[in-house]
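Paired with chain B in one complex and with chain C in the other, chain A is shared by the two complexes that follow.
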Partner chain A sequence: MTYPLLLALWLAPLASAVICWAFGPQLRTRSGWLASGFVALSFALAVASWPAGTQSAGGALGAHQRLFSWGPGFDFGLLLDPLSLLWTYIITGVGFLIVFYSIGYMDGDRAFARFFAYMSFFVFAMLTLVLSDNFVGLLVGWGLVGLASYFLIGFWFDRPSAVAAARKAFVINVVGDVGVMFAIALIVANVHSIGFSDTFAGAATFSSGLLFAICLALFIGAAAKSAQVPLHTWLPDAMEGPTPVSALIHAATMVTAGVYLVARCAPLWSRNPEAQLLVGTIGGLTALLGAILGTAQWDIKRILAYSTMSQIGYMIMGVGVGAYEGGVAHFFTHAFFKAQLFLTSGLIIHALSDEQDIRRMGGLWKRMPFAFWAMLTGVLSICGFPGFSGFFSKDEVIYGALQHGHPWLYAVGILTAGITAYYMFRLLFITFLGEYRGEAGTPHGHAPAWIMNAPVAILVVPSVAIGAALMIGGDSSPWARFFAPLFAPQALLAPSPAATPPLSEGLTSVIVLICVAVGFAVAWYRYATPVAQADAVERLRSETAHMPPVLTNLFYVDAAIDLIFVQSAQFLGTISGRVVDPAVLDGAVREAAFSAGWLGAVVRSFQTGLVRAYALLLVAGAAGFIVYYALAGTAH
Partner chain B sequence: MPVPIVNYVALGSFMFFIGVIGVLVRRNPLIILMSIELMFNAANLLFIAFARVWLQNAGHIFAFLVITVAAAEAAIGLAIVVTTFRSEKNVDVDEVRSLRG
Partner chain C sequence: MIVLVTILLPIAAGGLLYLLPREDRERSRLAGTLVAAATFLMLIAGRDQEWSFRWLSRPFTAAFHFGATPISFWIALLLALCTASAIAATRVNRTRDFTALMLMLEGTMLGLFLARDLLVFALFWDLMLLPVFFALIGWGEHVATAWRYFIYNFAGGLTLLLATAAFGVIYGSTDVIGRGGAHLVGSWAPWIYAGFAFAFLVKTPIWPLHTWMPPTYTALPPPMAAVVGAVQSKAGLYGFLAIAVALMPVYVTQYASPLIVLGAISLIDGGVVALVQNDAKRVVAYSSLSHLGLIVIAIVSTNQLALAGALVYIIAHGLFTAALFILLGYVEEREGTRSLIRLGGVAWANPRLAGALCIAALAALGLPGLAGFVGELFIVIGVYQAGYVWPVIVALIAIVLAAAYMLRLYQDIMNGPQVEDVPVRRDLTWREGLAVAPLLAALVLLGVQPSAILASVSSVTSGAHAAASMEAQR
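Showing the complex of A and B:
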């Protein structure tokens, strides 16, 4: 079925980007409203596309719009099925709220229009990624979101740290792009097509080694984009960008592209248990590592960045082990509560004139009650407080790990939930409770405008309630029925789980809640009791000093990457520069020049300028020839 | 009775070597040019002699060619001598060494 409306949905943000970019100086602050309007238009079209995206006429699920073709097997088109529909809702819906919020947050920035051009461009690129019906289109979107991320992390390009962070993010993302490219090469070599449907139909004939290779190459891309260990180091640094960028790109949408990729390629993963184990393990490891690192940070945005990394670890673990609905559900709820947390942190940062260190905050609940309540609901949701959205999706992922036969990942998921509660409440307590620890005098923070409060207020609703609205009822919940046409066939491909899990889902929730309660209690004891509040400044300072070096050095991942890749490349460069280049390359050139000079010196010695000497040489030469031929003649 | 070919060859070689020795030992460019003419004519003599022996006209034709080239060479050679004399005020080939490398 063709569906031209999809083109409008897809291209509206691009139009906004072009207009904001071309007419920025004329539009000035109107560019923010324009970009919000176009993204909202996209969202409205996405809502209107619900029936088209979920129908399954003629055996094909969703709506399809052909674009153009490079030849047999190389057809480009757009596909709107439940999975891409869900991502489109988040990209355009949450994206609209964040773009709208940015009108207030970026107020007064000298590159106001440029920011909205980049944001619109990002929305377009992300839509390209999720709407494409083939791997090459996906790779194009994959590269473009990386580019948009590079632009936006380095938005304040007069800060050297922002430029370095942007470069780091771009380089690591390109590592992932290359992985996806390898996967496409393998797919094209085997099915002679780039389309998703052809690939998944052909996957039945793949050998398990080939399947694993494709999954591995795809997962390198997913790991780089979704900040999975060991390619996660760019994400915390990416917090150099403006806060709305962190909320949209580095929390809600772009970093979940890896989850999308694995969920989209479910027919590949479901056929290969080794790939599932690999992805599930990396996801679990990332969840745990991100949570542990989150406990040792002081920058409000970096805490949220590590928490994002940890939550994406959950999602990757979910889709990795085969609990696709759970992983995607966690993406869905996470997009709301994490965007909300980031936007709330943006309110605080904005009000405190760009202060990001939580040690210099404190007592903010009196001054910013709205931000406090918004942060509290976000924290409760991410910790999985019963009834909040995060509760449903996180438990689905954790229980999914057990259901699909990975008890270790199940245990890691539960442990991570406890640590998550600790570091999120730590953030909440240090930021909002106690006394203000910033510079003395009245903080010249201004109350955030409604334009920034409204999107946060709207986000509170889904981050509290959408889980309860959609995800109650197991297999008959609206959520399960929405995805059943897409993911039910995958369950048949995967080897059946060993047996009925030893623990029920309800019991799992209880265990998780106990861990969360312990995490909360530790955070309360350390940061919220009157004793802890009394000498908070001193305590926080000594905590920094006594932090174990493994945490302050972020598990040495950065150092290891630096040592293995950066240093070795620099070493190679030094060798080339100091030895190979002067001795071999330059040396060859210099020797060629020298030998030409030497040859000239030899030949010059014959050039006496004495005509009679030349004549003698001529005669001698002629005589030589004569003698030679005379002898040669006699030899025969 | 015709003169045997060996006499021509002997005379030609003799003339040629006189020319060679002249080029090598004399320092006056005019004498050197004359010595070169001598070598040309030695070659011409042999061309004609062998044309007679083999009864072929190619030798005659070559002799004409050589005479033409010799004329051209004499013209250029004398022009060089005159020019050299103008710039160097000297025509001794051992003294004119501005082309030394």
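Showing the complex of A and C:
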């Protein structure tokens, strides 16, 4: 079914980006309202497209709109099916709230309009990624979101740290891009098409080695974009960008593109248990490492960044082991509660005039009760407090790992849940309890407070309640029925999960809750008891001093990457550029041409000559050449 | 006839320009831009036209035969566009004389790309060296650079001429470019292929024959560096496509391995050296070494998709290289230096210049959505399809390197705190902006819809490809 409305949905944010970019100086603060309006329009169109996206007329699921073709096999189009519809809702819905919030957060910045041009461009790029019906379109979106991320991380480009973080993020994301590119080469060589439907139809004929190679190449892309170990190092640095950017790009949407890719390619992964094991393991590992690193951070945004890394690890683990609904569900709830957490941290940072170190916060619940309650609900949701959204989706992922026969990943998921409770409550307690430990300046900007508070208040609703509304009832829940056409075993032509696992879903929830309670209790004991609050300054100083070096050095992953890749490339370049080129290659030719014999003498005699002499000689030579051939030609 | 006029017009106009007063910067620039723009339109008008004049009949037949082939049409358009942009952007001493050289460069290169006869091709191969040589002497810093450029390329021209003569004697005619079905086989043919290939590899250039290139590009004034780096370097690649692959496909396939190895070395070597250069122009020069290595790999793989990708990448590389050299020229004019260590924060006072340089750099690093990406994608697909896996991996590594050095180039110039003591601090003028706008627009356009260029390769190489696959079956 063709569906031209998709074009409007897709292009509205691009229009906004172009207008904000071209007329920034004229628009000034109005650019924020304009961008919000266009993204809201996109969201409204997405809501209106619900029936089109979920219908299945004539065997094809969802709505499809042809765009153009580069040649045989290279057809481009847009596809709106339940999976892309869900992502579109988050991108435009949560995206609208964050863009709106930015009107307040960015107030007074000297590049206000440029910010909204980039944000709109990001929304367009992300829609390109999720709406494409083929791998090349996906890769275009993949690259463009990386570009938007680069622009926004380096938005304050007078800061050297922001510039370096932006470059690092972009280069690591290009590693992912070339992974996807290689996957496309493998796919086109075998199915002679870039379309999803052709690829998935042809997947039945792929050998398992080829399938594994395609999945691996795609997963390099997913790992780079979604900050999976060992390509995660850019994400914490990306917090150099303004906080709304962290909320939209580096929490809710772009970093979950890897989850989208694996879920989209479920027909490939379901056929290859080795690829599933690889992705599930990397996801579990990332969840655990992110959580561990989250316990050792002092920057409020970096804590949230490691928590994002950890939560995406959950999602990747879910879609990796084959629990697609669970992984996607966790993306959905995470988008709400993590955006809420980031925007709340933005409220704090804004109020404390760009202070981000939680050691210099404390006692903020008295000054900022709204931020406290917003942060508390977000923390309860991410920890999986029963009834909150995170509870349902996280349990689905953890239990899914067991269901699909990965008891180790199941255990890692449970352990990570406990650590998550510890570091999130640590963040909450250090920030809001006790006495204030910093010296706050006055906040910049004069926008009314409701512009920033309203989006946070709206996000609280889904981060508390959407899980209970959609995800209760197992296979007959609204969530499961929504995705049944895509992810049900019969839809994937994959074997059903193994026989009933040894532990029931209810028991799993209880175990997870016990772990969460332990994590909470440790955080409470260390930071929230009256004694700890009274002694906070000394305790935080001592904790800083006694932090294990392996944690402060982030498991040495950054250092290893720098040594193995960056420094070795620079070393090679220096050797080649300074030694090989001038001394060896050019030197050899110079020896042969200049120093030896008559040519050297001729050339040396010319070095003193005039430009005219060279000119004359060369023109004479060329003319002689022409005359010779002209005469030779007319000779008969 | 329009074809002949297209070639002669810029050469004649270059001569006529000397009628203007020596210091008349504005009018010589305007006239030069208009002439180059006119050749652009005439190329489109004369797309299907040919012009021929019999010249030799013994020992082989040769003709002054001109006319665009589907491949050369695009490269000639690129040339006219780059020349127009570069002349419009010119700001050098003795503008009149420089513009005249630019027009003569365009004319001689049009002669090369539109030549349908190998001997005419070889003739223009040498002629197009002269304007660059004079510019290096007149506007460069060291005469040695001019001689290095000339000796390397003239050595290539020599083997090209020998190979052409041998081709003519054995095949009986040199009037063969763009003629379907003309194939050279025999015991001498590999040597003839080697003669062509050497000339093409020097011109492109490919490691280890590239050492003339960085000093040449650095010494030339930005507008001519733009045309030489963007289009003259494509003469070798065009030769590979229109002569080697079309006329001697069997030997291209047979001797592919050494060229693939050299291409792969160029890919990585150019990338890592570009990573540590501190002269902005040298970064672009070494990036060219890397990118053009990829195109050589694509061409000698003789896979249809790879060849299509190669042509798109030839055009894309021309567009972004020309844009980069022109824009770096603007930066140097404003800041008085090209050193990435000394530059910084230019974007604060020059947001439009920063935006333009950003687009060019992104195209060069293969951002999806711009033309460079299309070329890289098709090359990667095609080379993999042809059965070469490790060169694909090398190419992918080089793409990551490209991201690193292009971002370094952009960020070190544009980002960071503003540098004090700068000669001029004003953003792009209308003239400067209009000069690069067509190049950047073309990069976006071809990034979205490249099918016209992708399709034009099959018409020329399908016959060659069939011959190569027949040979492979034997």
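Rule of thumb we're sticking to: the second predicted complex is superposed on the first by the 564 of 636 C-alpha atoms of A that agree within 3 Å, B and C clash if a C-alpha of one lies under 4 Å from a C-alpha of the other, contacts with A are read in each partner's own complex, and residues count from 1 in each chain.
Basically, a residue touches a chain if its C-beta (ideal position, glycine included) is under 8 Å from a C-beta of that chain, and two chains touch if they have at least 3 such contacts.
Quick caveat: nothing in here was measured; it's all calculated off a predicted structure.
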**OP:** Kindly classify A:Gly577 by the partners it touches after superposition: chain B alone (first), chain C alone (second), both, or neither?
**Re:** second
**OP:** Go through the superposed model and pick first if A:Tyr556 touches only chain B, second if only chain C, both, or neither.
**Re:** neither
**OP:** Tell me which partner A:Asp586 touches in the superposition: chain B (first), chain C (second), both or neither.
**Re:** second
Subject >> More chain A residues in contact - chain B or chain C >> reply: C
**OP:** Quick one: classify A:Met181 as touching chain B (first), chain C (second), both or neither.
**Re:** second
Original post:
Between chain B (first) and chain C (second), which, if any, makes contact with A:Trp450: first, second, both or neither?
Top reply: neither
Original post:
Looking at the overlay, does A:Gly154 come into contact with chain B only (first), chain C only (second), both, or neither?
Top reply: second
Subject >> Shared contact residues on chain A - chain B and chain C >> reply: 603, 606-607, 611, 615, 619
Original post:
Considering the complex alone, what residue numbers of chain B touch chain A?
Top reply: 20, 23-25, 27, 32, 93-94, 96-101
Subject >> Residue ranges of chain A in contact with chain B within the complex >> reply: 603-612, 615-616, 619
Subject >> Residues of chain A touching chain C in the complex >> reply: 68-71, 136, 139-144, 147, 150, 154, 157-158, 160, 163, 166-167, 170-171, 174-175, 177-178, 181-182, 184-186, 188-189, 569-570, 572-574, 576-577, 581-582, 585-586, 589-590, 593, 603, 606-607, 611, 614-615, 618-619, 622, 625-626, 629-630, 632-633, 636
Original post:
Within the complex, which stretch of chain C touches chain A?
Top reply: 54-58, 62, 119, 123, 126-127, 130, 133-134, 137-138, 143, 146-148, 151-152, 208, 210-212, 214, 268-269, 271-277, 286, 305, 308, 345, 347-348, 362, 365, 367-369, 373-374, 376-377, 380-381, 384-385, 392-393, 396-397, 399-401, 403-404, 407-408, 411, 414-418, 449-451, 454-455
